[in-house]
Amino acid sequence: MRFSKNLSITQLIEFCGPLVSSSAGPKEASVLNFQTPDSPEPGGFSFILSPKMLAAVEKSGAVCVLAPEKCKEAVTALNSKKAWLFSPNPELAARNIKNAFVLSTPYRDEATGVHPTATIDSTAQIAKGVSIGPHAVVGKNCRIGEGSFVGANAVIEANVIIKDHVTIHPQAYIGHSCEIGHHCEIMPQAIVGSEGFGYAHDHLGNHYRVPHSGRVILEDDVHVGAGTAIDRGTIEDTVIGQGTKLDNQCHFAHNLVVGKNGLFTAQFVAAGSTTIGDNFMCGGKTGVTGHITITDNVHVAGLSGITGNVTEPGQYGGYPLIPLKKHLKAKASEIHLPELRRQMAKVLRKLFPEDYQ
Amino acid sequence: MRFSKNLSITQLIEFCGPLVSSSAGPKEASVLNFQTPDSPEPGGFSFILSPKMLAAVEKSGAVCVLAPEKCKEAVTALNSKKAWLFSPNPELAARNIKNAFVLSTPYRDEATGVHPTATIDSTAQIAKGVSIGPHAVVGKNCRIGEGSFVGANAVIEANVIIKDHVTIHPQAYIGHSCEIGHHCEIMPQAIVGSEGFGYAHDHLGNHYRVPHSGRVILEDDVHVGAGTAIDRGTIEDTVIGQGTKLDNQCHFAHNLVVGKNGLFTAQFVAAGSTTIGDNFMCGGKTGVTGHITITDNVHVAGLSGITGNVTEPGQYGGYPLIPLKKHLKAKASEIHLPELRRQMAKVLRKLFPEDYQ
Amino acid sequence: MRFSKNLSITQLIEFCGPLVSSSAGPKEASVLNFQTPDSPEPGGFSFILSPKMLAAVEKSGAVCVLAPEKCKEAVTALNSKKAWLFSPNPELAARNIKNAFVLSTPYRDEATGVHPTATIDSTAQIAKGVSIGPHAVVGKNCRIGEGSFVGANAVIEANVIIKDHVTIHPQAYIGHSCEIGHHCEIMPQAIVGSEGFGYAHDHLGNHYRVPHSGRVILEDDVHVGAGTAIDRGTIEDTVIGQGTKLDNQCHFAHNLVVGKNGLFTAQFVAAGSTTIGDNFMCGGKTGVTGHITITDNVHVAGLSGITGNVTEPGQYGGYPLIPLKKHLKAKASEIHLPELRRQMAKVLRKLFPEDYQ
């Protein structure tokens, strides 16, 4: 990807600040492209996260490479003609360079003030610098803060509070009375504030929807993935904590309270009234049952099923959930089950010949 | 949550009818709020479903508590100063109070007749009392019944029949020729009548989509969750039976026939041409294979995989599906597999020292 | 389903070309309906895929039946009064008849040129014969090829290339700079080109979204199911190969490269940077981890979890993934685990009475 302008290596170093702690090689060149470590294209900037990639990137067309500090010695031995920048966090440094000089996130399309085809209730309060896309709908008494963006065909129902610098992508839905914190990003077709799946029942087996009068509160810096749905609370609120990021097609049921800085991978499901602590991380397709509590700093492998409280921080996996190492062993054992049964039959015949044939 | 008006305890009792069978304590107070059993807020109404919550609710700020009939004796022993209402079905009674005096379900935003920005084909028949939101689209020959609602940016394709008092939330999609029964509720971004995933193949491995000429029929009182997709039938119709409720992000493939009063939790998937009986219930992320039959009154734990006919009513779980109790035992045993293999190795060495080292 | 016109049996045979290799019985009748093999309705056309259905279809009301060539002898023995068409590929022949005379796929609603309520940027290039539905949005510099269709309330962001005869159904989303090949079909509320779930992290646990500057490339004849999301690449592109069909609610993460003619069933998830070969097929709810390679011609049972490279073509299942036959055996063994543990306890007591009680 082309940089928005040619960047000298000195400029890159300055831009990175403490994220580049030292450098090596010539500084005269300018870089034109942000590229993958194995790209043959000449004149570019690239980055690696592990010494394993050193040989590949040295052969690539890049003239400047960002690498982890621990690569320093190995780079000296290379006798490389490239410029090298060493970083205590090359992933973040590269991300910052890309964000500043290739493509800024969040991306906003059709962002040029309020589009004439948008339908905005006369009671809505729209701050300065807000963009609202074609055919978007903003309901009664909504408040949209400074610098926020509402994409094409998005629907914001009544009484929603959207704070500053929020990005609501096209076709997203925000249910009535919800609250979206500063700098949140709601991806296309995400659903914030759908009604919970809660019913009362009569003796004939009919189901009556319980009206969900709670809200969804997204604290600051929350990201909600495409197609992800967050149900509102029954009486109290469903809350997603500051800095937590949700991938695509996740489902958060009513009354969930999720902590800060979590990472929830695609097709996560949590049933209602569960509490999840800070810094939760999980792989794809993880399921969590209702009415349980998961403590802070819990990391869970994909395809797991969490059916009880998790009281100790750590790495886990499986359904039922167990410590990750045990889970990997148990998983690897499953294929041996038929063999184990054959062996058991043999053992039983030997030990108890009268009972087992 | 504030009630829409102050309610005397006598009014509450009257409103509940047979759902309050007796009461105790003072009747003079008025209640202002609908609140959780542990809320300290003074002056409110609350409800409990189990005697376990008695101590908490007695300490709460509520002046009036709705409780199961079986709590009567324990309440007498409390010497409480609150008003107590006893109910044969406190969940339903509380739901009805909330629905009448806090927030009515289904919630309808922007519901004020047909919005001027809606695009409605001139051949569509719109009954009286219908509301259609901004930028909604209603196709050729559609019929929308009395008191129904179509939310902002929803799309109703040609020849759809929407009966009376139906709520189609914003951004929902109804495919051509489908039929939506009385009092159905289609949540935001639900998809009713997408084409089935059915292909014919040639000898080169190319796939050709089979046109799906069947419809989706939702009988009366069906709810469809946010992001849930129901594919139309191939020749005959896909049918969801009366009173059945679907949670978010479920997938119902072509030709499925689902019975009455089912409860399908989030991220359910059923493949094509399966028949599911009445009163089916399942936990989240359940999968069902195609071309099978599941009898009435089957309840299935979450994360289950149903790969064959289920001919007996009852509680089940697991993949493959087995009776629930066995499933829970088998699940609990999985963690012991590696240990079992070590024990088997030891046993084999002892019994067959020549064959096993 | 009614045919669009009455068809003589001779016409049907002619239409099918080499897909009908021989016939039997009277040719005078006309057929009016396309119907299921067990339908009593008189005067229709039906088809069967297996000899097992012969008895049912012979009893049905159909006057003309399409059957596999291998049914020929059995049909002769029937002494049937129906017309019989024998085909080397009855599924494809029946599909072609339906597509031509019942309902053409893709179905297009509201397809009558560019609707006046659509919002189309003045820099977009729209070829002749393009239809764009109400309230659809087409961004800057987009190019839409001949005969393509954009449904109601769909959003196409800036710089998108849509080739010829593409169908974008209502409410679908195409992210900026993506490329949609000839004859692709994007179902309602599908999402092509959402941003990837990739973050850099600081030492405090904050997450910073990596801007995803890659595109999504759909090669020709790709179908994308309702609610399916395909994330754009980080630097390079996410690619879905020619002829590949994706069912509803699938998730394809950033940088995925998928081969030709695959069939991905509902709620498939693949994590980022994985490569999947040609002719991949999987059942519903399959999950694939990131950074692995799956070779051509791999078929996978539903509910599987693929966590490592698959280097040999073949049929697989389970999590971890193993050859299908072994998987089915291992699955069937799981229920016996508790029994196996009881037997082991008995064996250990017998063999090592001092160590086990």
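Letters A, B and C mark the chains as written, and numbering starts fresh at 1 in each.
Keep this in mind: a contact is a pair of C-beta atoms (placed from the backbone, for glycine too) under 8 Å apart; a residue touches a chain by one contact, two chains touch by 3 or more.
As the structure is a computational prediction, the values presented were derived from the model and not from experiment.
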| item | value |
| --- | --- |
| Chain A on chain B, rotation in degrees - Cα superposition, rounded to nearest 5 | 120 |
| Copy pair chain B, chain C: interface residue numbering same or different (half cut) | different |
| For chain B paired with chain C, centre-to-centre distance based on mean C-alpha positions, whole Å | 27 |
| Chain C, residues touching no fewer than two other chains | 117, 135, 153, 171, 189, 227, 249, 267, 285, 334, 337, 340, 344, 347, 351 |
| Complex interface listing, chain A residues touching chain B | 117, 119, 121, 135, 137, 139, 153, 155, 157-158, 171, 173, 175-176, 189, 191, 194-195, 197, 199-203, 205-213, 227, 229, 231, 235-236, 249, 251, 253, 267, 269, 271, 285, 287, 289, 305, 318-320, 322, 326, 329-330, 333-334, 336-337, 340, 343-344, 347, 350-351 |
| Chain C - residues contacting chain B, complex | 1, 34-36, 89, 91-92, 94-96, 98-99, 102-107, 109-110, 115, 117, 133-135, 151-153, 170-171, 185, 187-189, 221, 223, 225-227, 243, 245, 247-249, 260-261, 263, 265-267, 278-279, 283-285, 302-303, 331-332, 334-335, 337-338, 340-341, 344, 347-348, 351-352 |
